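Below are two complexes that have chain A in common, paired first with chain B and then with chain C.
Take a look at the complex of A and B:
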């Protein structure tokens, strides 16, 4: 780590103007929401929004002071998505989530603000502090091992909620490790493929009409496939499995440019899906509901049917913030509206226009992330940036398509909008990395150099080094 | 740095991935458009929509009006702040239905729930304006094609008897009256105090006497001789018979019966017609079963079923109220779904396993009346208030028959009301001073009890302004009940319009 010789601020005009526009828009939204709720023109109590905006500008200030040449669009984009989340959470029944800190009892919106705040700070911290990627690229097998360990931990110790084994509880805090796992997965894939992609892309064996790499290089794909299947079987988490497998295929394609691998992957996916459909009732349920939710509108198709009603009611321009009807007669119109169905809720109040704007925001994220990937200094960074970007883009697409009944519904979060700490923090790590990776003035990062921090982690490292040697 | 030599370009692959992402997101956008634009109206009107239920408690509800703006249903605010539904014209109950917070809705109240509540889809411009109004609802009035005077007349004529009357304007498909008895009082169902007891009383009734079943659209009855018009349409339309078709054996078989697969189909009209074989017009005027049995066999099962289907048989009729489908055959291995040739021959004169709704038979009459063109039947003229109302236009449903063929049947039906022999059966339907056409029917039900009394017809014969189907359950011969009732309805309407 370079010693900081002094502060060299570098103005970030683009980021500032985008942030100002975002702040203005969000504030208007807040006024609209408060006015609808009060029945007269008022800003209500904008404390939550002001705190959030202050944090955003704080991170901007920190970026300026840090003086790095990093991306200036990602922070405002994430800022708008998080702001929409805050508006929505402020407008939903506050009892949907609650947590006490001593005598302080926080409801849905303050809790989400807390997580958003942590996420923004984490994003900013990573964007400023990550300058060296050696710890990511060299220890790829350690990361994989950690990921698998995390998964096993969930398999055996996870709490079962609604028939899904997703969350891990540590004292008062419970989290969803699969959110972190997706980051680890991309780190491993980027490391593995950056080293081996020439081999995988170059040589081939024939399997029917497909030209495939030699068998040993196919093993990771089969392993990923098995991993995805086991997530479905053990965790009953279709969404995470779908996300992992599609991100894997995307990164594999970027690394090798081989469509045959993607075709093979899709075939494997179809085979697996068909088998799971036959074997597991919860998979069959999801698919049946998807095919005809109205057939059981009062029963299992309830959620998705209610979501479709919300889309329909929204129309082109929406009902306006606060004028939708997420709550009918004291009960939620759409169960899990604050996690799985935020997109439907926002599409009701903001209409198709607003929903298209949300789509556009994710496309902006995609464009910035992939641009960073293309401009990155080496293969590892390229693959890492592209992989991280696809995680967010694909995750958003899966849950939005599920809301829209384009694919079977799976319970994953909409990045930066859904309520929930694990998801926000994991996605903040992703964008934080992307911002760090966008730095054009990269430092040399060839050899591991001993330093203070390295020495602190020496114990863990020696173990890791052993893992790396054994595996490679 | 270590860009691996020989490995494919990452940049190009990323570009392709970006393209895939754009395509996928375009798909999401298309999904949004599908639900938020194309399907929005259907979703918003869906009676299962909880928003519909929530709004119905507190929001004002639009009125239901007859064609001349007479109020059939309206909402008033009760003392406790909830909305109460009032029905000033109970005679319109078979069309209007009821709306109750406890028991849901029926009739137009159900079909147009979304519009009446004001949850229907607005144009984007109106949607934008809506954002500046505190009231989230925009209740719409629904204007019906029903004329309350004619509707009341039809209900009163049915009186205590069980039956149905459907009156249609043949050139437009507008339903002028749709009566069904026994009936109910929607105001009593909507009344929060006595509503539960009254509704449970209504529900207790068996289907045969239930006031909650709309006989005009959902009652399925044996048609008897009115079905001969369907057979005539199928025969002329398909070319299987001509206006001159005669059967030499027919006069003899009036006495001996017509032997089909060992079963003797009998008739008893020879006293009118003597020994001359009848042609189509004579067969309609005299309601000759033998002639139509022979014609039915000549036409064949599939053709008969197919031509009936052109007028709506075989499936529920697209309509604002729920409709039961009418069926020509009762299911079987013979072509067209008949059990055997006896069933086909009997169906051709309305006594097989044929079941029809009064609405379906009114459409048959309207098809002939409108020179072979069937207009889509409808109950609603406009949705909305004042100048902003959305008017619902006439829509041609099917071109069933060539005008020439329709003209032949028209003339035959006029003979059936006004002719020398026809008068004896259906003369009671004649509107004084107006050329009138029709066909009576007597649906034998087997076993004991009186047959159903039927009539379908229209007036005036040229450019008819009203086509009717009248059914009176267990009321005896057509001429005893349905025929004079239909005559009264048609005369009343033509007098009103004069």
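Take a look at the complex of A and C:
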């Protein structure tokens, strides 16, 4: 065990057995997909899956070598979600995304594998390397400023795609900074609330029946509300705005345990939503489509209508991987099937059974994250863990509910499953931080018993000491 | 239904079943965590066993059950009372922080020793280490029943 000095490996048997189960399941999924596509029982060409699984086991090995007592469930859970993503991307038409590196042209699945690989490595790296939170806690205002700077950059330099100004292009790579912004937001909120929670929880302003914190401390919250609204207005990004605001409310509630703040937040949200509905046509569109997608089934409501058909076609056990109908007559039934509608696509092919399993995986992430928050050593870490968990879970909930027509559809990604580099990397940062926050240190080492040689040396020393004293 | 369709359905169902197997394994892991957390509540963190003592102090073989914070000294208000003329009234503090034990001296006249070395400031220690307060030597052990 102690071949290299300074490295104390610590076996993670739970993580290993979970990873083995995940690998077995994903491999069977690959066989199912390849057989359906080939028309005979075959494993096809599982290179992509094998590379992905090798990366997962590689990160597991790195965790073992690091020897820290960190969470053992998060990596396999994220691994299964990412594996499902890889299966789906390998199954969809490869032309949905393409990027060429020199003469190498990559389609949807290899690109997703590239991002998944980077995400898994980033997750592992952060989980091992982040040992203190000083750089997050101390520079919280700098982080907030960086976040707002990022937002302004998108406001002025962003590209408009489908009427939404979301992405920023840097050479050949385009990214969505709002994905990174959500991490920065939680870091700032956790830092701010950990420092000021006593003041915010102690009420002094009264507004009718509501008891509110002192006015100066209300200001950052109103600023948050304004930020969310401005994202809607300028970026036309309803999903990010909804996500930011609900994460903000959740963290605020966790920090202060005051329901009145949440009530106030929901009231503000309703006021803002009503105003936006009146003022902006793109908001009105979304709500109208949600209320009755069949009224314009061939027009603006067709994505939702077809997603609902996909859920219906899936039934309880699904059509099987590769046997669904994402393409009708050569064109995609649902244009955004690899980003916004992955849940509908997976629910069609894996059925309600698979959809419930996916829901359960996000619940596992929620349980682990909140457990880490409860066990955290101080307020900042606790709030950070709770906030980061809320980001992933609320984001998953918003987009899955949007797919199912439970809430108006907003274009955000399903964490770890949707295609897209920014989303995968941002969520990997989140889970990497969670793993780092779950660190309970190295194993308390058994004290080394002094060996015979040391005892003899100590005895000799004490004898010579005594002799010296006697002589002097 | 031909053999291929049948076997394909078996593979598909096995895939979904394995997803649930994974979830069951996770569930078992969460259950163990909860049980582990329930078991640690109320269980002593460790004990101090007297391995060497003078005529006045606690008899050799006596053991003290430890909490998260344990004060050691001659005063009767300490959680570990050491009746030894070489021990100070408030001699040392043994604390369990997070996952490991720490020992610190509280400004005693004759000092606190860990494995024969006089300590300065806060020092970490593990099970099996020997603390010396005055002329009484105490060994940190795991709580019984582990």
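Operating definition for what follows: the second predicted complex is superposed on the first by the 436 of 472 C-alpha atoms of A that agree within 3 Å, B and C clash if a C-alpha of one lies under 4 Å from a C-alpha of the other, contacts with A are read in each partner's own complex, and residues count from 1 in each chain.
To be clear about the criterion, contacts are C-beta pairs under 8 Å (C-beta built on N, C-alpha and C of every residue); 3 or more make two chains touch, one makes a residue touch a chain.
Small disclaimer: the values here were computed from a predicted structure and weren't measured.
**Student:** Tell me which partner A:255 touches in the superposition: chain B (first), chain C (second), both or neither.
**Tutor:** first
**Student:** Using the touch definition from the top, say if A:230 reaches chain B (first), chain C (second), both or neither.
**Tutor:** neither
**Student:** Have a look at where A:76 lands relative to chain B and chain C in the superposition and call it first, second, both or neither.
**Tutor:** The answer is second: A:76 touches chain C but not chain B.
**Student:** In the overlay, answer first, second, both or neither for which of chain B and chain C A:42 touches.
**Tutor:** neither
**Student:** Looking at the overlay, does A:366 come into contact with chain B only (first), chain C only (second), both, or neither?
**Tutor:** Touch partner of A:366: chain B, not chain C.
**Student:** Check the contacts made with chain A and report whether chain B or chain C touches more of its residues.
**Tutor:** Partner touching more chain A residues in the overlay: B.
**Student:** Where does A:406 make contact in the superposed view: on chain B (first), on chain C (second), on both, or on neither?
**Tutor:** first
**Student:** Is A:98 contacted by the first partner chain B, the second partner chain C, both or neither?
**Tutor:** Touch status of A:98: no partner.
**Student:** Let me test your reading of the model: by the given contact rule, A:317 touches which partner, first (chain B), second (chain C), both or neither?
**Tutor:** So A:317 meets both chain B and chain C here.
**Student:** By the touch definition at the top of the document, which applies to A:383: first (chain B), second (chain C), both, or neither?
**Tutor:** Only chain B; A:383 stays clear of chain C.
**Student:** Can you list the residues of chain A that touch chain B in one structure and chain C in the other?
**Tutor:** Touching chain B in the first complex and chain C in the second, residues 39, 317-318, 320, 351, 367, 377, 446 of chain A appear in both lists.
**Student:** For the complex, which residues does chain A have touching chain C?
**Tutor:** Of all residues in chain A, those touching chain C are 14, 17-18, 21-22, 24-25, 28-29, 31-32, 35-36, 39-41, 69, 72-73, 76-77, 80, 317-318, 320-321, 350-351, 353-354, 357, 360-361, 364, 367, 371, 377, 440-441, 444-447, 449-450, 458.
**Student:** Enumerate the contact residues on chain C facing chain A in the complex.
**Tutor:** Counting only chain C, the residues touching chain A are 4, 7-9, 11-16, 18-23, 25-26, 29-30, 33, 98-101, 115-116, 125-129.
**Student:** Tell me, which parts of chain A touch chain B in their complex?
**Tutor:** 39, 194, 197-198, 201-202, 250, 253-258, 294, 297-298, 305-306, 308-309, 311-320, 323, 325, 328-329, 333, 347, 351-352, 355-356, 359, 362-363, 366-367, 370, 373-374, 377-379, 382-383, 386, 390, 393, 397, 400-401, 404-406, 446
**Student:** In their shared complex, at which residues does chain B touch chain A?
**Tutor:** Residue positions touching the partner: 1-18, 21-22, 24-25, 27-29, 31-37, 39-44, 46, 48-51, 53-54, 119, 121-122, 124, 127-128, 130-131, 134, 136.
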